[in-house]
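Going by the order they are written in, the chains are A, B, C and D; count residues from 1 in each one.
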Amino acid sequence: MAEEKKDPAFRLRETKGQMSWPPYAPGTHVRESDIREKKINYSWWEPEVQYAWSAGHAMNVFLDGLKKGKIMGINCKRCDRILVPPRMFCEYCYGPTEEWVEVGDTGIIETYSISYLDSDANRITEPILIGVIDFDNSPPHHGIMHYFGEMDKEKIKIGMKVKAVWKPENEREGAITDIKYFKPMEGE
Amino acid sequence: MTFGEKQTDPLAKTHWRGDMQADYFYPSGVAGDKFFEHLKNNDDFMVCKCKKCNKIYCPPRLYCEDCFDEIPDDAWSPVAATGKIRLFTVAMLDAHGEKLAVPRVMALIDIDNTDSAMLGVIKTSDLDADLTGKNVKAILKPKDKREGTLKDIVCWE
Amino acid sequence: MSRKVCVIGVGHTDFNSITPDMQWKDFMYEACNKAYVDAGVDPRRDVGSFITCAEDYWEGFSIFDEFVPDQVGAVLRPCCTVCGDGIYGLGTAYMQIMTEYFDIVAVEAHSKVSDLLTYGDMIIHAMDPLFDRPVSGPVARPKYGGSPKYTEAAPKPFVGASDEKERVHPYFLAGLEMQHYLKSTGTTEEQCASVVVKNKKNAYFNPYADYELNIGVDDVMKSEYLFKPLKKYDIAPNVDGAVCFVLATEKKAKDLGIEPIYLSGFGWCSETPWLSTRGMEAEYAKKAAKMAFKMAGVTEPKKEIDVIECDDRFSYKELQHLEAMGFAKPGEAGQMAQDGTLNVKGSLPTNTSGGALGVGNCLEATGIQKALEIVTQLRGHAGKRQVNDVEKGLAQSWRFLPTGSGAVAVFER
Amino acid sequence: MKEVAVIGGGMTMFRRHLKETGKELSYYAAKMAMEDAGITKKDIDMVVMGSAPDAFDGVHLKGENLLDGAAAAGKPYVRVFNGGGTGVFAPIAGWWHVASGVADICLVVCEEKMGNCYPHPQTAFRHIWDPILDRPLNPNLVWLFAMEYNRYMNFAAQKMGISVEKCKEWIAEVAVKNKRNAVGHPCAQLADPNITVKDVLESEIMAWPVNRLDISPPSDGAAALIYCSKDVVHKFTDDPIYVGGVGWNIDSTMWTNRDLYFPRYVANAAKMCYKKAGINNPTRDIDFAEPYDPFTYKELHHMEGMLLCEKGEAAKMTHEGETQRDGRMPICPSGGLLGVGNPIAATMGQKVCELYWQLAGKAGKRQIPGDPRVGVGMAWGDIMQMATVIALRRG
């Protein structure tokens, strides 16, 4: 047990009138090793938390498009704006969106990161390249997040032109992962 | 019509599966740790009493929920792991809404000599009996198998 | 006080057991859009602040607040989430308007419970992890896979073992409470059954209700015991639905040419979360009602309130709440349900919308659905279920198992 | 509207794991604040709880579970939630309880127990992403901030006319400043009097450009604050600290549809707050600020959003020492999240309680020299979209 206080109870009255706040820090620190060695009593629980979210019409069209090798956006005519990923309404004018458009599968890197962490915060040696891609046919700063591949981590930069690499058609299932990653376009 | 177009294809893939699965660790806390540490080595409950409200808490607390005063170390004492059934119900369903193979009798048990109750599973074969007011005793795991959680209480009998 | 808060617009979706055609965003958008059209306001220009009532685990996101602004019209505007029932949202909106920061505030609450596959386990997850939850069953995940992975560097801590295979359904808590209610007040199971019959009948006249049913007390009594004495028909089934309210100052309402329905008082209260020391008398409803009546200047609730919507997600709850709020003496509410006092044409019309038993259990939207019914009644738009001469109405809700918290709102014309 | 005064604050130790349950932590913080104000549970009219995701503590409806620790058993109690913004949003909610005239005395408690989530608190963060567009890619939360960091850094470097590497160095100075400021804070998890820029730049890369010391790690902790209305404040103090104004604002969920270089939502929230607080010229009227600093660049990003400096120039201000405790505009004198720790909602302890302690002259070793009269606290949350701002003033 680390730093076990003699009196874990909080005794503020004794420090009344002191001018430095907080007067001291209530709490008992526990180290990760104390937990592993079961030096404190604890309970454990594994909840079952499963969902099946309704995708909604806009996402259905988008996912269906991915299956066919297309990235679909939708137009808000009032704002003259193509929304990618698509949605049923425009968040700026609060009106319904109208016309489906393909935005193509090429674009530029809006921003990126070179990650040495996986999704559970475990350290990895071969980094994951990840970033936001703005499509050529969508307005500036309208894109999606995805992986980059066939790319040198030394050479990646903001504004680089990239193109989607799709899974073979028979392996696509209507998911964002139907795109394997984005790779640099020739000349980059 | 709220939207420009609506879904009309009944065969469209409408749902997306996912989860929020994670495991959870719950330290027993200052008061809980005393309770479970005691339960690991003894067959009775360690409880505490608010000196101001004269309320005896089981499970014990660090502070009194009514007057919000701290409960000092010298207000702790053990009580026997026995009680009286205040309320009971016969649960037929599991958490998924399916029939339990064996119905489970769940009860709220007033712990003797305290002002508190605990939830518990009652071991009984008679599902139609009126159990209200019956005296029950906690059945604990063998001492070498106790882990310092509420699971050390197997059931009440 | 100089400012008065009133309802200027309401909107809702249909309530359905499943809603596969709409994402949660579309669903909320529909309700909000209808409310804004009803009030005649443009959310992007007129509405000052937005409030959503939601809990993460009901929705399936670690931070649900993220997924709110677009569909309620709150992009780049003040918007927040209140983890509570819809009536908590209404009260919050009331306070925000009273600070004079805003003139118009929108409140949204919804249930998309059909997205959640493990409903029972979720309520177990709300029980105290140390002293209540382990009673329900095994610690290890019993059914679905998909457990998190552990690495050698960060292994899984020691996990206890147990013999049971299944976790028990958390509605057993309601079974316990119902037993307490029946025993302490002398109410009978038949009286609870007549609440079910009444509410499911009322739902026939409510176009958005999803669980209308033409049954008699006998049918309810013959339905099987699931958590004795709680029977199958005593339990409100789950439903999807979204409701949005637009609240404004009295002056704004007049400017917009809308006859205001005043939110004249609200209150909420929480009892201790410990099942171990909590009474089972719905003390929360009593205190919340007291606070709301004080704010609304209601001195004789039984006389002054013309229509009541109270939480009836289990049939006995309606009776228990009526008694707690002072509309009946302990043990009398059951009699009132039986003799027709609580019917639409009775002297104390209760749950005219069909309540949760008729409309469905819509989680955090329960309270706001009840408020919606009160507003509909006060506006005189309730059609065949319209109560005559309504001046004041009360909506009450409970935060559901395993909590002891609830809220009350009083509306008047 | 009623004027609202702060009359008490409290906080617990911040650590990766604490032995206490969430309720007990809330109790410690609430009790400290109540002792500070000299009130008992009877005096409290209403209680507000601020707590971020349920998925950390591992309790559904966690607000309900925590309520007895927040002195709320038998009282009106509500929980508000804005992701990371909760640390300042809960005090804002407390403010409207009193400002609206509904309550005279309101207790605000913020609690977080991130250590409960296994295998790692990141596991819970995995579920904050869009389930269809992002979650199938198995994202890590740090990626998100790394991407924003990168976008911001490129913009700032260009604006200040320096190289990206130099800019990263200047940004790292934020970690040095805050971890040094935290020395003397009894609750601090990460105080380090000897840390240097080199240490920060050479700590392991998590997701470039974010290094380990650029991040504030997950913690357990709680904090509490007590408000009273101006009508009753004379019972507690002669020199009250008032809430000048509050503001909050949220941007679109679609973070990939926004330009990340500048936080528009912070600017909107700050403008709302400043307008109410009568702050016409933020750089002149504000004496010190506590912007949210879970990552080094965020402090700078938020300073710009809070209009405390020109867009893209906050790093320069830091480099020139203006944001030090004795500088022209002290930023995060408490040590911030980078120095004290980041139990999401409980950061109210640094972001609002600290304002109170500084203005009341109770901050001890951390006290800002001079006579601070106006302080601004800010928090930020959700998917880089929510900003909450509060201004406190003396007298």
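Simple rule for what comes next: contacts are C-beta pairs under 8 Å (C-beta built on N, C-alpha and C of every residue); 3 or more make two chains touch, one makes a residue touch a chain.
Bear in mind that the values here come from a model prediction, so they are computed numbers and not experimental data.
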item: Contacts common to subunit C and subunit D (chain labels); value: A, B
item: Most widely separated chain from subunit A, with each centre as the mean of CA atoms; value: B
item: Chain pair with the higher count of C-beta pairs in contact (A-B, B-C); value: B-C
item: Whole-Å gap between the CA centroids of subunit A and subunit D; value: 22
item: Interchain centroid distance [CA atoms averaged], subunit A/subunit B, Å; value: 37
item: Cα-centroid distance, subunit A relative to subunit C, in whole angstrom; value: 33
item: Sites on subunit B at which at least two other chains make contact; value: 2-3, 6-7, 14-16, 18-30, 32-33, 65, 70, 95, 149-151
item: Overlap residues in subunit D, where contacts from two or more other chains coincide; value: 17-21, 31, 55, 58, 68, 73-74, 118-120, 123-124, 126-127, 131-132, 252-254
item: Residues of subunit A engaged with two or more neighbouring chains; value: 10, 28, 30, 35, 38, 40, 42-57, 59, 63, 87-89, 91, 120
item: Overall pattern in which the protein chains touch one another (line/ring/star/complete/other); value: complete
item: Footprint of subunit C on subunit D - complex, ascending; value: 1, 21, 52-55, 58-61, 63-68, 72-83, 89, 93, 95-97, 99-102, 118-120, 123-128, 130-131, 246-254, 264-265, 268-269, 272, 276, 381-383, 385-386
item: Touch list for subunit A against partner subunit B, complex; value: 8-10, 28, 30, 35, 38, 40-57, 59-60, 63-64, 88-89, 96-98, 174
item: For the subunit B and subunit D complex, residues of the former touching the latter; value: 16, 18, 20, 22-33, 62-63, 65-68, 70
item: Contacting residues of subunit C [partner subunit D, same complex]; value: 1, 55-57, 60-63, 65-70, 74-84, 88, 91-92, 94-101, 122-123, 125-126, 128-130, 148-151, 154, 156-157, 267-274, 283, 287-288, 291, 295, 399, 402-403, 405
item: Of all residues in subunit C, those that touch subunit B in their complex; value: 20-22, 26, 29-30, 33-34, 57, 60-62, 118-121, 124, 129-132, 134-137, 139, 141, 143-144, 146-148, 156-158, 160, 162, 166-172, 175-180, 183, 224-230, 272, 274-277
